[in-house]
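Labels run A, B, C and D following the written order; every chain starts at residue 1.
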Amino acid sequence: MAEVAWLVRRPLIVGDKSVAQVTRDICAAMETRPSALWWAGFLAALSLLGLGVTAISYEISTGIGTWGENRTVGWAFDITNFVFWIGIGHAGTLISAILFLFRQRWRTSVNRAAEAMTIFAVMCAGIFPLIHMGRPWLAHWMFPYPNTRGSLWINFRSPLVWDFFAIATYLTISLTFWYVGLLPDLATIRDRTASPWRRRIAGILSLGWNGSTRTWQRYEVVYLLLAGLGTPLVVSVHTIVSWDFATSLIPGWHATIFPPYFVAGAIFSGMAMVLTLMIVARKTMQLEDYITPRHVDIMCKLIIATGGIVGLSYATEFFMALYSSNPYEQFVFLNRATGPLCWAYWTMVSCNVLVPQLLWFRRVRSNLVLVFVISIFVNIGMWFERFVIIVTSLHHDFLPSSWVSYRPTCIEVATLLGTFGLFFTCFLLFVRLVPVIAIGEVKAVVSHDKLSGGTHA
Amino acid sequence: MSAEGANRYWRALEERGAATAAEGPDEFAARREGIDLFLSRRGFLKAAGFGAAGALLASCARAPVQEAIPFLSAPEEIVPGHALYYASTCAGCSAACGMLVKSRDGRPIKLEGNAEHPLSRGALCAAGQASILGLYDSHRLRSPLHRGQRASWEEVDRAVGERIATISKNGGAVRFLSSTITGPTIRAEIDRFLGSFADGRHVVYDPLSCSAILDAHERTHGARVLPRYLFDRAEVIASFDADFLGTWIAPVEFAAAWRAGRDLEAKPPRFSYHVQIEPLLSVTGSKADRRIRIAPRELGPALSHLAGLLAKKAGLTFSSPPPADPELSAALATLADRLWQARRRSLVVCGSQDVATQVACNFANEILQNYGNTLDVERPSYQKQGNDRALQELLSEISAGKVAALFIAAANPVSELPGGENIAAALDKLPLVVSFASHRDETADHAHFVCPDHHPLESWSDAEPVAGIISVTQPVIRPLGQTRSLVETLSTWRGRPTPAYEIFQASWRSRIFARQSQETSFQRFWDRAVHDGVAAVEPARFSPRPFDVSAVKPAAPAKAGAAEGLSLVLYAKVAMLAGQHAENPWLQELPDPISKVAWDNYACLAPATAAALGVAEGDVVRLDFGAGSLELPAYVQPGQHDGVVAVALGYGRKGTARFAGIGPRWLDAEPSVGRDGLVGVDASGALELTDGVLRYVREGVRIAKTGRTRPLACTQTHHTITVPDMFAANGSVRRPVVQETTYAAWQGNPAAGREGEEAESEDLWPDDHPYNGHRWAMAIDLTACTGCSACVVACQVENNIPVVGRDEVRRHREMHWLRIDRYYSGSQAEVDVVYEPMLCQQCENAPCETVCPVLATVHSEEGLNEQVYNRCVGTRYCANNCPYKTRRFNWFNYPHQDPFANLVLNPDVAVRSRGVMEKCSFCVQRIQQAKIEAKQAGQPVADGAIQPACQQTCPAGAIVFGDLNDRSSRVAAAVANPRRFRVLEEMNVRPSVNYLRVVRNRDETDGEKSHG
Amino acid sequence: MSRRVMLGFFEREEDVLAATRAAREAGLRILDVYTPYPVHGLDRAMGLAPSRLAFVCLILGLFGAVFKVWFEFWTTSVAWPINVGGKPWNSLPAFVPVTFEVMVLFAGVSTFLAFLVVAGLRPGRAPVMPDPRVTDDRFVLMVEETDSVFDAVRVEQLFAGFRALHSEERVEARS
Amino acid sequence: MLTPKLTAIRLPGIQRGYEPEQPIRFSHRLHAGEMQISCQYCHSGAERSRHAGIPAASVCMNCHRFVTAPLGAVRAEDELAAKENRPPRRVIAPELRKLYDALGLDDDLRRDPAKPQRPIAWVKVHNLPDFAYFDHRPHVAAGVACQTCHGPVETMERMRQVADLTMGWCVNCHRDANRTGIAGHPVYASIDCAVCHY
């Protein structure tokens, strides 16, 4: 067994745990009272959420005009946030599905949280296509349903429709995948918890799971299939998101490199977000033994890799623009780097390309604080990447007569903060209500470690 | 219209589904109900908006009950929902263009040029197009005022009558002050009224005065006449600061004539050579073939020198020293040659208010034998009658309190003249001041009585803009308030109250009928005149004295002494003119053709001057001239003379306080008015009325920064087609979105100046979309387009385009479907200007359609790019993907600030709700109308039967619309024209809007010129 | 009627695995093995046939894809052909993305539902398990006492041979 | 294909069957049915304007200047008058009385200046949303029978909305017209959006 040999080098879970201990440790997080730290974070997140809800209701009741967009820059913060959050989501699916297919066992400690992150991120992302509409109350027109208009269907040629289907599918599949993974752990909670209401809820949700091998066998098949579906799905989703731009004819959008570029960027940003969360979680929830420096180390390496792809994409884009003797294309990129919004461009480059280079050094990788800071930088940088792509391409396009500038309004900023509020509210509730780590899988890993340790020692 | 008419009118409204009949005491309230109904389009869209909720509602309850209230006895001409057109005369300015009033269910909703009118030839200017909104202005006085209080006509008549009686008994000076009134009947009535006093005089002045021209002709021809200028006959035009395409005398007539003089499609082609010599960049200057910047004080000497040069050629002894600037004198020399070559077919015009200069101008025209050829004093124009000397005398009389009674009509001296507050104070001292103003304007505030005149669309009137051409104004709606026609009022005070209709008919029978010979019966003549809107009669002949050379004195060269400080030039914008349209939101929001700034006036500075002063656009500067100072934001204006600071008149009007709350209200919104609560700054204080002329130039003005800034609402932030070098790889700095060439090059090769290959690339796909029926397309001749922006307003009126207010314009959210892109080329100092009207290009492969998720914008089988407002969910993807950025989004709900103005809405076009995209539709409502009528008649749609609003009103006839599949159509011919190009052709979106290359009358044959 | 079953309780993965193999060789009828986490090779040790859920996934995925392609073609070229940006009625390439998404959606959701059905999992179903600690750290091997020749003692020894904590006999009701 | 089935049940916002009370109990059955008066005699706007329009009271008076009551009532009065040998009085039916009142006429149908004229506020039955532009002219020109959209008006005592006036209903009729033509002769009815929406 290759991975056994690989595992020999260093165990994934430190502090030689017994299976029962694993259960105890992980469930402890949910059974003890929430810490003051948790409450602080939760209230902060909740108030941000409140702010966002206020901003959005004001926008919907008053008009898109409450945003800084104008006749030339038709999208700005709204779609920037959308792409940003979708990107965040992708790392979750990567860790849980793709690494599962590659039999990367280290994922077990983080996949549950990563999947949760995916779902919450997609929720945040989903808000924006909705509220960026001038008349969101007509959003159901995006769905092809029979109607009395003779029948007027929808435009399947529009990337926005592709988007709609992609996001819907992605959310559904991610939820299913997550829930399937949760079943055994819900059963565990059901069977050990003291509180009757928690037992009742867990009882209903666990669908009467009994660790029968027959079920385990099917369970593993389903899990594998969903992982197999999720892998191309996650790639397709961000490819389609990138087509929103790539299929248009705006210089700076109209580029064939977008799909790989976006997917890499998505994983890049997602990994950074996973790191951010994990580092916080392991500190605040005493999970040091499960989320070890090795997990962090591996993810840092992934960040270097994806960051490299992203940096390469920036360079390629620029080169292609200059190489294509298309004046509009050339203009857009020179304008990005030196124009009125160049500060955004250089923020993006320094956060996404320069800063991650620090991770080449093991000393940096092993310094969790530093890693945490870097991960934040990457998050910022990736937000600006979307901003740069969307706004700087639009604000100076073909006809010089319609060149304009763009300034966000307070409402837009509040909306962005609001989505962070939603995300962290959901995440903090998640760490209280659901095992943050896939108990079943970790047990398997633990006993494997023991097993291999035993045989080879 | 009979008394019944009014009620008919309102019922006719309800025929469209209005609330209740407008009867009972408070007729006005009833009208407001009427108004809600006009909101109902928007209301419905909104309701329809609340998708699920709305549907739920509808399923529980029936839709609200709508009543339909038919006539009791139907007038045969009115068919509900069927538009009628009445010929009338535009009262937007004294040019008196002919127009047709489109009246729908008795409600005037649109003004269109009257194609049969010999002067305006079917065109209207921006101000004329917008003037219909004045009819539905709730700020209009609805009854007479006595000392500012509402009064009844009886009281006013009694009170005024008594005073008049005493005056005519004890004598005393009675003065009637008005701007130019060309109507023979009104003038006669005024004289008749004044005749009943011992000392009565009618004083005429124009806020945009041409007094000097008339004075000059008095000296040279012995009569105060304003010659009629015939630009179409001129092959060489030398204009000294006369903005005849923008604001000078009769821009629409002149633009049409000017355009006729440069027709490349004519056989043989004719193309006049137009030189503009001016201190600031005017619309006319922007179209000139050769433009020379000149300091205002140099203008006189320059013109005088030119006259001298011509005199030498003619062998006369008259010489005037050449200007200091050698470049200028060289230019004048060449100009003199070209003028001389084109004797009898040339024209020298001058906008200066200096009589000596105007005399020199006359002299030049005389030498060139242009009198009787390109300008006509025997059939003169009456469009400017102002006499500044008389005005000055009157003002001194007033301030001396020597006037017993002052009547003021169609004029607002307190705000239009220098020293307004002194005039106001003097007025307060006079025993009787009567104003006929329709608003409580600056002057009306100081009148004892305000006797509001009808809106021109409510009253009978006539006009004789040019000797022998008399046009009729007929009422198309019953007066909306208790106003009374001026002539009626005067007749009442004369003791013989007569309805206006009778006065005019009588006057025509006695005065005008006699002056024609075609018609023998007066009734037939009258009917035809009213039907056509214009009648050609014998002009009141007068034979001018032979030209008096003795009057001509060589001008002294400009004193170098006055050079310190800048010269302040007060000019007029095409929209605001002298300010009579300041209360019209459409015109306030219309970007100035040159600066592209709306909602403000500003201090224009040449780039060099601005740099020297360290002033940037938007910095508030203080202009100190002797008598006072102005504080307004600066605007950097390329092509302006370095020694000049230019400020537009007509702003800072009292009435503009109404715009404080215009535009959407939300937490970050800013008002459209300035700190003083008014739109712009009133610059009339800087005018000078000295030795008999109203002067628009002041020397020795000092300028200083105040440190404050006021960002201007400018719709175009980048002004050239060339991108900054830093952004341009391998030298491709100029974007080929506009193409131009020179006349010389064009003669060699009609396709000269083409950039890139015009090649219909092969289609990737099976040809699923043949256009078998109609194939609508448009062609715009950029050589003809003067940028006057009449089309922009016409489009706004026709298509119910909202006004969004200064703040939204500043945020680049103006809603105009049709905009005019203005690009500079050449150096910062010496600029060439190109105008490119930009509207939805109706692309065959429309990028906007592909990306709309809900099929809200799709293509019709006649090549139209349809926008279905009620289907739109507002993702704005289409606007992002539009390479021309011609789509407009409803960021908010934009209701008319004045709900009464909803009556002007075009019932054939949906009012768009918040959150939907909108754009030019090629006036599809007109297309459908024409198709339906053709279908009924069983005939094909004739070429020219469909005219979009923009084409209909274009003074230069630059726009052609029609069916490409009709090989004989004008648009098909235009598309075949070698000058034709399409914007961003290389993207193969296949726009249906074609442009004809700009041609300038220049000698360089390399059509390409460097654009910097 | 009811049946008698013999349960062996284990603590470690490898023990239950070995015990299961041995029991099977001994010809015992293995009803089921309950484990807190999936134990590799256990299904083979029990001699379970591989699951056929993959076919459900394949079939419904394909169905979803085919249906969507047909639907997109029908709406844009048959039901109401509308000229969108001069594109051909049947813009097949543009239909690919949605088709793929719908395929994945159908495949994923249907597989999940099929799993719940065949595994008999449904909300509110009471878990049938020998010991609540199964979901924590217990491994339970359950064999059926088939006939009179069944020797409980021998089986117990067999279990004990694999470090079983203990064994017990139970009667469980069968419907 | 699905649309007909869907519209068979009344969906939200569809006003099919709307049959409001009218200020005067005018019977289309009597006028259009029995009397065989052509629709456009009264609704003359249909061929001249987008609105068919509701006839002005003056149009009613073309007949009702003379017809003031049902024949039966008039005969009865004549007989009664003959019996009482007096000149028969003019009989005025109550519904027509409303018409005369609206016009401010006295019993001899002469304008009575004392009486005010009040226009008749009919209740609109067929209401289209404001964003849908409908024009009667092309339909009349193409020879579409009024009944196609308005139903068997000649049988209705009170006017009722028969069609559900949804977009699908319009579009499908246009499609059929293109296939089968109208009254035998081929027509072309476009289904472009801009035919109704602008």
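Here is the rule we go by: a contact is a pair of C-beta atoms (placed from the backbone, for glycine too) under 8 Å apart; a residue touches a chain by one contact, two chains touch by 3 or more.
Just so it is clear, the structure is predicted and the values come from calculations on it, not from any experiment.
S.K.: Please identify the chain with the largest separation between its CA centroid and the CA centroid of chain C.
M.R.: Comparing chain centres, B lies farthest from chain C.
S.K.: Between A-B and B-C, which chain pair is linked by the larger number of C-beta contacts?
M.R.: Taking the two pairs in turn, the one with more contacts turns out to be A-B.
S.K.: How many angstrom lie between the centres of chain A and chain B, each centre taken as the mean Cα position?
M.R.: Each chain's C-alpha centroid was found; their separation is 57 Å.
S.K.: Determine the centre-to-centre distance between chain B and chain C, using the mean Cα coordinates as centres, and give it in whole Å.
M.R.: A distance of 81 Å separates the two centres.
S.K.: Taking each chain's centre as the mean of its CA atoms, how far is chain A from chain D in angstrom?
M.R.: Those two chain centres are 63 Å apart.
S.K.: With centres defined as the mean C-alpha position, give me the chain B-chain D separation in Å.
M.R.: 47
S.K.: Provide the list of chain C residues touching at least two other chains, using ranges where the numbers run on.
M.R.: In chain C, 79-80, 84-85, 87 touch at least two other chains.
S.K.: Which chain D residues reach two or more other chains?
M.R.: Touching at least two other chains: 1, 11.
S.K.: Could you list which residues of chain B touch at least two other chains?
M.R.: 847, 850, 852, 855, 858, 860-861, 871
S.K.: If we count contacts the way the header does, which residues on chain B are in touch with chain A in the complex?
M.R.: Against chain A, chain B makes touches at 49-53, 664, 666-668, 716-721, 723, 726-730, 732, 735, 737, 808, 811-814, 819, 821-823, 836, 838, 847, 850-855, 871-877, 879-881, 883-885, 887-893, 913-917, 983-984, 987, 989.
S.K.: In the complex formed with chain C, which residues of chain B make contact?
M.R.: That would be residues 765-766, 768-769, 844-850, 852, 855, 858-861, 990 of chain B.
S.K.: Help me check something: in the complex, which residues belonging to chain D touch chain A?
M.R.: Contacts found on chain D: 1-3, 6-7, 11, 14, 164, 166-172.
S.K.: Please name which positions on chain A make contact with chain C in the complex.
M.R.: Result: residues 18-20, 23, 144, 150-157, 161-162, 165-166, 168-169, 172-173, 176-177, 180, 183-184, 187-188, 190-192, 203-222, 225-226, 229-230, 232-233, 236, 240, 243, 439-441, 443-444, 447, 451 of chain A touch chain C.
S.K.: Which chain B residues qualify as touching chain D in the complex?
M.R.: These residues of chain B touch chain D: 11, 14-17, 20-21, 40-41, 44-45, 48, 54-56, 58-59, 62-63, 65-74, 79-82, 858, 860-862, 864, 866, 868-871, 908-910, 921, 924-925, 928, 932-933, 935-936.
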